[in-house]
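Note that the chains are named A, B, C, D and E in the order they appear, and that numbering of residues resets to 1 at the start of each chain.
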Amino acid sequence: MGYLLRRVGFYVFTAWAAITINFFLPRLIPGDPVQSLIARSQGRLDTSAIESLYILFGLDTDKGIVEQYGDYLGQLFRGDLGLSFTFFPTPVSEVLADSLPWTLGLVGITTVISFLLGTFMGVLAGWWRGSWADMLMPVTTFLSSIPYFWLGLIAITLLADRGGAFPSSGGYDPGVVPSWDMDFVWSAVHHSLLPAITILISSMSGWVLSMRNMMLTVSSEDYITVAHAKGLSERRVMVGYAARNALLPNVSGFALSLGLIVGGTLLVEIVFSYPGVGFQLFQAVGAKDYPLVQGIFLIITLSVLVANLFADLVYLLLDPRTRKEG
Amino acid sequence: MALPTADVMPVTAPVKRRRRSRLLANRKATIGLVIFGFFCLLAVLGPVLAPYDPGERGDQLLVGPTADHWFGTTHLGQDLFSQMLDGSRSVMLVGLVAGVVATVLGVLVGVTSGYLSGLGSEGLSALSNVFLVIPALPLILIITLSLPETDDMTIALVIGCTSWAWGARVLRAQTLSLRRRDYVEAARATGESTWRIIGFEILPNLTAVIAASFIGTVIFAVLSEITLAFIGVPGVSEWNWGAILFWAQSQQALAQGAWWWFVPPGIAIALLGTGLALLNFGIDEYVNPRLRSSTKVRGVRMRVGFTPVLRGSGHGHD
Amino acid sequence: MTASTEPAAPGTTDVVLEAVGLTKHFPIRRRLRTLFAAQRAVHAVEQVDLALRKGRVTAMVGESGSGKSTVARLMAQLVRQTDGQVLLHGEPVRTGGRRFRAYCRRVQMVFQDPFASLNPIHTVRYHLTRALRIHRSETSAEELLTRVALTPPERFLSKFPHELSGGQRQRVAIARALAAGPEALLADEPVSMLDVSIRLGVLNLLRDLRDRLDLAILYITHDIASARYFADEVLVLYAGQVVEGGSGEAVTQRAAHPYTRLLIASAPDPDRIAGTEAEVTDAGGGEPPSLIEPPAGCRFHPRCPHAMARCELEAPPRLPVESNGDGPHWAACWLYDANTVEAG
Amino acid sequence: ACGDGTTGGAGNPNGVLNIGMPNGPQTENHNPFLPSSSSNSLGYRWALYEPLVMTNQVKPDEEGKPWLATEWTWSDNFRELDLTIRDNATWSDGKPVTAQDIAYTFTLLKNTPALNINAIPYAEAVAEDDKVTVTFTSSQFVNQMDILTQTPMVPEHIWSKITDPATDTVKNPVGSGPYTLKTFTPQTVTLTVRDSGYWQDLPQVKELRYTSYNDNNAQTTALANGSSEWAFTFISNYKAVYVDKDPEHHKLWFPPVLGVHGLFLNTELKPFDDPVLRRAMNMVINRNDVFMQGEAGYFYPEVKNVTGIPTPAGESFLADEFKGEEFEVDVDGARKLLTDSGYTYSGDTLLDKTGKPVQLTLSNPAGWSDYITTLEILKDNFSDLGIAATVDKANQDTWTSDVDTGQFEAAMHWTNNGATPYDLYQSIMDGALYKPVGTAGVNGNWGRFRNADATEALHQYANAADDTVRQEAMDELQRIYVEQAPVLITGAANAGGEYSTKNWVGWPDEDNQYAPAQPTQPNALDIILRLKPAS
Amino acid sequence: MVTTEPVLEIRDLNVNYGLGDDAVHAVRDVSLTLNRGEVLGLAGESGSGKSTLAYGMLRLLPPPGVITGGQVLYHPRDSEPIDLMTLSTAKLRRFRWSEIAIVFQGAMNSLNPVHTIAAQLCDVIAAHEPRTSRAAQRSRAKDLLELVGINADRLGSYPHQLSGGMRQRVMIAMALALEPRVVVMDEPTTALDVVMQRQILAQLVELRERVGFSVLFITHDLSLLVEFSDRIAIMYGGRIVESAPAAELYRESLHPYSDGLLHSFPALRGPRRELTGIPGSPPDLRAMPSGCAFHPRCPRAFEPCADESPVLAAPPGSDERPGERTVACWLHAVERVKS
């Protein structure tokens, strides 16, 4: 109970911190959306458009920053993230609704798969130490040191460009209409394979390594020896005793490093021109589209928090010591 | 992204005498150290060694590796080998500075919140968790773009100031376990002042953990910095490897078949990362001897639960 | 002798360190369910009175979790008491900043685990010279080592703790405590982590120091036999309260409190003839009580084979026990109340 | 690259034309007036809504083609426009296009400054029968084209019901164009041809598919493999990456229009306030290198004339004295020019008249790779003159505000473009736009150039009542530019595009310059109407 | 109850930590016999190799432990003896716990913190008697808990919800789950306080009466052994230096080390004994003294001690019951040679 209370407090605090950072940081960015819209058009938008744009974006009125902060919080409570500038007058929430599913689908699922697969491989590598499993280590170390984006670019060159088997960009084939039919689903899956593999390769290694280390640490606990002494089957000892315990720190590690992972994986979207929030964030930062930047940053943070909450609940389930005292 | 491995490891009593030799005896650590040293050397000498001015335009546009240009040239005829050499300084500088900043912050926050108790401690710990949860790269991106002026140093500072949290967390956990140690209490009972206890009794015992967290942050900082440069965030030195990749990407080098523009920076980053990661494993294994990988000596595989029986080898007789 | 049941009168010169009504409650972190309830606490030590005299060893025995270490830490002022006072030569001790150092100089502590009480990264020399420097002592590190029978001292000075055996480490820890030139030494289970074969050496060293330096020693142990062997006076602690006290022989040979009897009956004893098991079972079983909600009245009553209605209601005061000439002896048990005795 | 039958080059059988833009995911917004709308970003607004007149930007001096207006006359010193509206046009919901609708559109722009992107000072728009009279508060000579060809016309019966036209995303667009919206996804917008009611022959392209690729690379790949048949994007090595994939069909045509890109020197700073120095610097710039290396040999066409006016688009505006005056790199001449007017050399370093070495920081946002490449080339060129230049890759926002407030030494920048060289020169040297260093809000003249004659000439050109005065003003402007070199022009703005002739033919090209090849221009509609299936 | 019929025979067992030259010889040529129904105490100071011996004979040593020689013979009720050292992994797995169970020092660490007591009890039953139904397993687990005096409603508890004493009892219950013939107990009560220790030991003694198994009881507390075991073996420096019936050893120890041990702890009752202790400190296994490992600390050392190690053999004058009493000391060997 105390554990939960502390976690809840932590979530509230983090969410607040994110919201606040979220509000103030973009406002410190010099320049404004109009200037940057003009700048990005590099001449294709006439300079005389400036005035009308200021009026359009509602940037012609002045308000104190504190007042704006208050308004912002109020808006958030109403679930209103404001209007995007780049896609004016589309509400940020609509932009997010378009892009978030892609990110959740790609980054979310692959992160979880990466964790599960990495953990599984780590279990094997830790358990079968001194055998072929040790070969995994140097490879894993090397892979985990390669930046996501570079791996992605190489993957595009080798597997996508020049008649390769994979598309190099986008979330689905142009011309396919998003709906739940085979065409679209296949197209979406097809487009997500390469980025997903990239994420898997570079993020899985971390889990392999940490799970292996935890397995080694746990393997020398007394209860493992006892389990062997009890004559339990190899699999039971490995899974029910060693892996089950080694998993605990890994799960809480997973929760807390989600922020790091997600930050890195967003880059994959940029490289693969994947229509997710990472790509949008990058565009929005360039466009000084504060409402969008804020919205995306907030949503990423909140998603990470929710994932965290989820991981916490899993942890709570896995570790009886954190449950209510009996 | 190399995650710090084991979460909280008991700090085994360090064996001072054997310490140095043992860390070096670790093959991983040695390889890691050699790679790291090599890149440090490059950082110092690279710009001097560069055969060309990295920004100078040449006549040979976008040619592959030749005797004149070992790593080929860019679309402007700039020598990529020189750019790589020149860029190593910025990469290493930012990585190390960010590592130092993050480590110092991590030690300050982690050790303080671990040693002190009460609200302040909880607050600091919550703060580091917040920093952990907020996605790092977008945060760094937003902050760097918010700054009016950026150069290598400011970027290093930004990365350093945002990536201390993991180190702080690990250090806090370690400090918490050390704080209850009798020798800390004993030092208190002897009349040592608080700062001396932290500085002379606790910190030295955290050296390995601090070193590991430092190296972890350097890896993270290098990757972040290169990523920023690759995205085109200004301020990172001209020929930072990420900037080279940025140019390669904006000139669609891969589509043009100019692999030489892409491959060297990527390999260099991966190599540096691998070196640092190996060094970190060395430290991890040194801190936690259970992690030593080799349990297979002379054909005998040691397993938990089934002790091997050797017949005829070294008998117990004197 | 009832005199000794009261705290020694102020001004008694041979009392060095004294605890009066020492109480320590460790607050427990609030939980969601108890957020609005009163703050709960572990009642680790409750109303403990004890006096350490010059040149005498006072032993404190008790099972695990009875609060022995907490008493030692309170006496060393490493932990602030919730209530009560620690008196040094009759003066109440106040320890803030500077004054703590002055107090350290006179009261030193030796910890249970010699493997943990020396910092693995510092040499023996560092440990000793730091202590000497802090207390601006004239003594040299060599001299200290000689005093704890680590000779020749040069051989040990530049060693790291891991290069020493457990007994040697504990000696270094004692030497460090002596560096301050204390008057009182609080030894918290100084030998329980040591090998049987070398325990004796350390105990004998402490006894020797008591005699030579006229130290007042608090000897904490869970081994009642060693208390008998080593101490002049024995106090028995149960669930944070002192339940019995008296000279070593009196307490161990004619234990008065049912808990002490249980303790003695449980101690391994090679001389015990098979068949006296009954004695043990008779002495009661069960587990130590929760210290968060300690039993009302006498804290031992749920386990006590002689428990009476009164025991559940009223906490017994210190009641004198008839002594057979081996010193004062008292027990906090209603069995020794005049009325009960009569009724019995 | 994938086997899906609906994509790739299979457009012809179904009458589909695949158009691409590298603009990232879109949100549904068909408001034709908003620069942020998807219809604007991808360019399909011109397939839905039509302008009054169709002019060819490549040949701005040519007479426009009647479109929704069959006749247009300017009178009263370009303060009044009389329009005759076509009577056979209908909106896609079947209602006829009336003069009332046209008047309504202008009134809407007048009343909604947020939508009046070109800031046209409308006074009033009145419809009468098939005639519309639009009045303005100032002469609109230089804005003619904006009004006639860049303003999409909207139906009153729909728009008058929209509460806030500035923030409405017009989910069901109703226009007079030959196409109607079929589907929208963030990645692809599909338009189908109308069944009937279009005022001219329906196009042969039955379906337009606008795909938004996430970046240039993706767009390039799509072009290379044929899944995009028409696009506007920068390809750094277009021959190898694009044309060579299918040399027979993969074409591109990037004609210049009347706008330029150039190095803006801060003329308030010494020694760059000296026209001699600027002229000398201009003389050493290798425009061909910039074109070939910075612009991949096609993107921003080379400006050949010394006046900086892109040709052939601006051919007819050239003063007689400059006709055929081609720009040439002349390092020796530049050095001589400098030494003759008091500059000296210390070794290879140029010293200004006060004896200080001439140094220069060239700055542009880090991400703008073509500009940065250009700067690298300029830096190299300037070193021939003994000027030590450094390239500063700035933060885009800082750069934008620095340029806005005049806190820079030299930066690549673009100018506005228009139907005459007026826009270009105005962006370069209009004293009326001048704001002192430190003051923000300049809409042009970023170099803070001040020359009363130039300002006067610009004013005259915009407001003159007759063509001779205008021609004189234009000649004067060219003379001032050549003498003063306020901006070192490096290349022209373009209105081009990449297209494939595999399935569709009839594209504009060097031989048939009927329209700029850019899919987002109003002329795109003209092009689509002319496309025929490849045999 | 106690017979001389051996159930477990350890012959010349050698255990090393590590391989090659820097291997530590933790157990050297140890031979020991456990008879049916007896409690055999194994005493010796820390690091003398007691645990290594216990784990070694079950092949449970963690890396880098290796067994470098010797046999461990288990005598099943009605078949040929089995050498544990030659069993295959699968057979060994089946053998463990059903024949020999083991209770470790720290019960907290011996129980898997993430599974309930019931799960862990059923685990072992399921592994060895796979055909037992769930319900049967559970009722068996309940019986077992009751056997060691824990209320059956604790079945669903997690280890951290039990006190130290309860956990240790759970471990004992678990050890008895398959009715093994041998239970090895490595310092099962050291972490507990005396009251709890006695409760558990009393229970153990009682269970042995009822169930009838042999116990190898390891501790460094000699006084405890004297009271509880039938026979005691004393280890020093990786070797058994003396073994004798408990009472005899207490009355008259032959090896000076045993004697020193017996005189290291004060008596609780009776006259205050003189305590001599043992001077010096335990040997470093890496650098063992030559000859008898104890000789540098031995008050009665003489010439042969430093040169040759004595063999474990029956002392002179104890021939009536062979194997009952052995000692490895030149003091007694010399006498035997003389006589």
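Rule of thumb we're sticking to: a contact is a pair of C-beta atoms (placed from the backbone, for glycine too) under 8 Å apart; a residue touches a chain by one contact, two chains touch by 3 or more.
The chain list, named the UniProt way, goes like this: A, B = ABC transporter permease; C, E = ABC transporter ATP-binding protein.
The structure displayed is predicted, hence computed values, not measured ones.
Asks: Indicate the lowest number of steps between chain A (ABC transporter permease) and chain B (ABC transporter permease), counting one step per move to a touching chain.
Replies: 1
Asks: Could you see whether A-E or A-D has the larger number of C-beta contact pairs?
Replies: Contact tally favours A-D.
Asks: For chain A (ABC transporter permease) and chain D, what's the span in angstrom between their mean Cα positions?
Replies: 39
Asks: Just the number, please: Cα centre separation of chain D and chain E in whole Å.
Replies: Whole-Å distance between the two chain centres: 92.
Asks: What is the distance in Å between the mean C-alpha positions of chain C and chain E?
Replies: 33
Asks: Could you give the separation in Å between the centres of chain B (ABC transporter permease) and chain C, each centre being the mean of its C-alpha atoms?
Replies: 49
Asks: Going through chain B (ABC transporter permease) residue by residue, note those that touch at least 2 other chains and give them in order.
Replies: Answer for chain B (ABC transporter permease), listing residues that touch two or more other chains: 145, 147-148, 249, 255, 295, 302-306.
Asks: Which residues does chain D have that touch at least 2 chains other than itself?
Replies: Within chain D, the residues that touch at least two other chains are 217, 221, 365, 367, 395-398.
Asks: Which residues of chain A (ABC transporter permease) are in contact with two or more other chains?
Replies: In chain A (ABC transporter permease), residues 29-30, 161, 220, 225, 227-229 touch at least two other chains, as defined above.
Asks: Give the list of chain E residues in touch with chain C in this complex.
Replies: 45-46, 163-165, 192-199, 202, 220-224, 226-228, 250, 260-261, 264-270, 272, 275-279, 281-282
Asks: Any idea which chain A (ABC transporter permease) residues touch chain B (ABC transporter permease) in the complex?
Replies: 9-10, 13-14, 17-18, 21, 25-26, 28-30, 129-131, 134, 137, 141-142, 144-150, 153-154, 156-157, 161, 202-203, 206-207, 209-210, 213-214, 216-217, 219-220, 224-225, 227-229, 237, 249-250, 252-253, 256-264, 266-267, 270, 281-282, 285, 293, 296-297, 300-301, 304-305, 308
Asks: Which stretch or stretches of chain B (ABC transporter permease) touch chain A (ABC transporter permease) in the complex?
Replies: That would be residues 1-9, 126, 129-130, 132-143, 145-148, 166, 169, 219-220, 223, 226-227, 230-231, 245, 249, 254-255, 259, 262, 265-266, 269-274, 276-278, 281, 284, 288, 290-291, 293-296, 301-306 of chain B (ABC transporter permease).
Asks: Could you please specify the touching residues of chain B (ABC transporter permease) with respect to chain C in the complex?
Replies: Where chain B (ABC transporter permease) meets chain C, its residues are 13-17, 181-183, 185-192, 200-201, 204-205.
Asks: For the complex, which residues does chain C have touching chain B (ABC transporter permease)?
Replies: 73, 76, 78, 100-101, 104-105, 108-109, 111-113, 115-122, 130-131, 134-135, 160-162, 173, 176, 179-180
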